[in-house]
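Lettered A, B, C and D in written order, each chain numbered from 1.
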Amino acid sequence: MKNSAVLLISCPDRKGIVATISDFVFNHNGNILHADEHADEGSNLFLMRVEFDPTEFDIELADFPRHFTPIAEEFKMQWRLARSNYRPKMIILVSKYDHCLIDLLYRHQSGELACDIPLIVSNHPDNQAVAEFYRIPYAVLTVAKDNKQASEKRLQSLIDEHNPDFIVLARYMQILSGEVCKRVEGRMINIHHSFLPSFKGAKPYQQAHARGVKLVGATAHYVTPDLDEGPIIEQDVIRVNHALSPERLAEAGRDVEAQVLARAVTWHAEHRVLLNGDRTVVFH
Amino acid sequence: MKNSAVLLISCPDRKGIVATISDFVFNHNGNILHADEHADEGSNLFLMRVEFDPTEFDIELADFPRHFTPIAEEFKMQWRLARSNYRPKMIILVSKYDHCLIDLLYRHQSGELACDIPLIVSNHPDNQAVAEFYRIPYAVLTVAKDNKQASEKRLQSLIDEHNPDFIVLARYMQILSGEVCKRVEGRMINIHHSFLPSFKGAKPYQQAHARGVKLVGATAHYVTPDLDEGPIIEQDVIRVNHALSPERLAEAGRDVEAQVLARAVTWHAEHRVLLNGDRTVVFH
Amino acid sequence: MKNSAVLLISCPDRKGIVATISDFVFNHNGNILHADEHADEGSNLFLMRVEFDPTEFDIELADFPRHFTPIAEEFKMQWRLARSNYRPKMIILVSKYDHCLIDLLYRHQSGELACDIPLIVSNHPDNQAVAEFYRIPYAVLTVAKDNKQASEKRLQSLIDEHNPDFIVLARYMQILSGEVCKRVEGRMINIHHSFLPSFKGAKPYQQAHARGVKLVGATAHYVTPDLDEGPIIEQDVIRVNHALSPERLAEAGRDVEAQVLARAVTWHAEHRVLLNGDRTVVFH
Amino acid sequence: MKNSAVLLISCPDRKGIVATISDFVFNHNGNILHADEHADEGSNLFLMRVEFDPTEFDIELADFPRHFTPIAEEFKMQWRLARSNYRPKMIILVSKYDHCLIDLLYRHQSGELACDIPLIVSNHPDNQAVAEFYRIPYAVLTVAKDNKQASEKRLQSLIDEHNPDFIVLARYMQILSGEVCKRVEGRMINIHHSFLPSFKGAKPYQQAHARGVKLVGATAHYVTPDLDEGPIIEQDVIRVNHALSPERLAEAGRDVEAQVLARAVTWHAEHRVLLNGDRTVVFH
């Protein structure tokens, strides 16, 4: 893989940001490979992604913060630097449905998804075998009805132990407390089914069937305390028809869920997604 | 155009329906060109569309009901016969937005949409010119806030006068009374924007923008007294991104609205859509 | 799974086919669940798929041919009967690329793809592990440059031994002789990349990149002696852009290949695909 | 519309381009609204689009070249500056098929497509009426078989007279000479049908039907002397099935042609498309 570094920035919009950033990279002998920006008119926020070749960069990347902080402070930037030779760590949470898990593990193994997976956590033992096949540690964390707090505490300590860069809910059917969601804000990705119109409550594919929808979809989003309502990263749909039973609708839905989640996770892992309030900006 | 007749049937499911229908057509020397069926497990309803060549049919089509009624009664069928040499009559209702109207008029003139348009009704004069260009009569029916009943009465008398086979709401922004909706059930098609998730209330594209959706969609459906909730005929979406302003989202939405409505209207005009409770069956 | 039988028919078009078939099913006390037909104007061929519930059918299905043959002969039909309680046998051939293989094995295991897989054959040992994980026998059949005939003979004897209902080339990179292709005509499915425009020769994704295509696609088709030109079962595309390297284009292509092949194989296994000369008719 | 200026640049890649450009804009008191770039590894070409707010820019835009030329020369740039308050001029060429023409005229009138249309040129009088409806001058330029050179000369003088920024072949069925194509390279956009696989020669929809394609597509591209092979701007497809006649395939194809051409023209008019050898880079 190409040696590169990605600088992600968001700050209040004003003149001179691009010039300042590109001067900084150039003056330290970096070569900009890609740069993308978005100035949001509504929020007056400026978002930028700069990918540069640091081969001849005259600052050690470990030393980058010290040199960059004065600029960041002047422009009131939120920023982070990601290096291509660092593989982000991703923990996957999963329940029984395995379609998203298997898809992610396959993309990880094939090299498409450049990250490390130190751990899979599940409230069921069902997916142990496939985890073993791909040689990923698998922790079963039983969630008892009368003991949600204890299991969430154990989950939190597993997360703390492995210190992942981000967490993926690959069809994890347990509701996380607002406290956990808050701690991983912008770093936890969830996938859920989506329909036109949307259906609340249980058995969504039964509802979609009863309503005769012609499309079945999925949405990948960052988790916020308001579970299915966080900033959307990616969405897609698949065409269905009247001949499909609710089970077949659900199968079609699983296909689109796996694809949408894979794209969202890949873009996040490649540092292409920036938060813009309740929205995301995805730089392709 | 090929000479053909389309028989549409729905009835409680039981053995022998297909055999009875196809025998009837065959015994009277008709040739089945297409036949599609759907047996709905949930509702136990059987739905069928039979298109046949009546060239050598030994019953006058005007006389068809008399011969077919005994079968229909035995099987408790709801049915209708449509003949290809009869062009259905469609009335279009429109307000100011013209994208769906213009798309339908173009498809009508090009021969793609095989129906007659005796009248366009609008609560605004804005689309008079394009109606004239396509030589379609255009009635302006001002809707006053304090006089909704009177204008709806006039609308109803215009409909009665022209006796259309179906009515299309091509972005008609007035709410019709439950009574009108009831009278045209299964014969009035509406188009509205659709999102994942769906948004209630005003300025939907502003809401969609604020929520950062990655898809913008549209749904064509039959009108029921519950305005935006009738049986869905067709849906589609278009991909959008963070760089689009609410206005640009709305432009993308208009494109997909026009396409979705055109497909729904064409399928209805070709007698491809059957009602199955709150759903539709569309035979392609 | 629901008890059902599927009767697939193709014959010269003439009056009375639907009536004859549906009478036959009805008179023997079968209940038609779905029936689809297509009368091809160009070729004058009539194609039909009838799915019926044989629970009360008064002919043993094993005895079906004896009762149906007189009808088949009268109408010069090609036909076959498939029973839902018989799981078709599918052999998969694969080389090194594993994306299609893994996708099919997952759908098989999840129950989505209702067939048995007695054997995977490969010219490489690479995919042995995943075959073992899914407990499917895996035969390595090395193809030597100077000994193509011998390996094809061994392949043929493996096929003869397992007598599959159909064979899937899940990215099998060896060219099969015209003789083999001929023997499995209509029963061997291949997947290959497709572009607008199409590219001949080696390194197609390099060519697609050089040409700046905006879509990357795949086609699943029946194998004929003219390798990449058999009757098309399914096609799809995925959107790409200028920022993607040839490797990334190929990754996008693999996604669409796996999806398209899975759909084609599922439809074939459900007896939804009929040959119509150089084309297919797919009844959904 | 927002006051903005777009600077388009392509030059050999090297360090410091982004810094130099953004410094230039900043030092003259411009505010960068959007900036997109692409460094092409294969060709070593760097392409950039910078949109900035020139409200407080201290150089008159008319005077921009004088100030920017030293930079352009140093980096060996090809460049152009477009101003949002200048509406580009587009000439449309059309034959009999009117679907693309009508779509473009509608988008122009609705304000979606921000350009002026000084002239429509056609080798047939058929589309005169719609041109008049939209109040666009329409020149009939009969192309006689024995006099192609004379009509092309007249076409060239019409182009010279109106001096358009770009020309759109909206289903113009005459082949232009290599000389004309050469003169408008990068400024003339064509639309043609596209299939998987592609078909050469006449009656493409008949061929697509005979081959049983499941997708019908379209490609918009810049015209080069090699007529249907210029740099691709946009492509899309629409799903079709076996039940569609060649005429219906062609109708589906017309829909996708109009959409694809509209997107390509809009992007070109918004200065979003850059040539990269035989490819395009489209900045969204």
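Keep this in mind: contacts are C-beta pairs under 8 Å (C-beta built on N, C-alpha and C of every residue); 3 or more make two chains touch, one makes a residue touch a chain.
Since we're looking at a predicted model, the values are computed, not measured.
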| item | value |
| --- | --- |
| Third chains touching both subunit B and subunit A | C, D |
| Maximum centroid distance from subunit B, chain identifier (CA atoms) | A |
| Between A-C and C-D, the pair joined by more C-beta contacts | C-D |
| Approximate Å spacing (C-alpha centroids) for the pair subunit A, subunit C | 36 |
| Whole-Å gap between the CA centroids of subunit C and subunit D | 41 |
| Residue list for subunit D, restricted to those that touch at least two other chains | 34, 38, 241, 243 |
| Complex contacts: residues of subunit B adjacent to subunit D | 34, 98-99, 102, 106, 110, 112, 129-130, 133, 241, 243, 251, 255, 259, 284 |
| In the complex with subunit B, residue positions of subunit C that touch it | 14-19, 22-23, 25-27, 29-39, 239 |
| Interfacial residue positions of subunit D with respect to subunit C in the complex | 38, 41-42, 194-198, 209-215, 217, 219, 229, 231-237, 241-243, 245, 276, 278-282 |
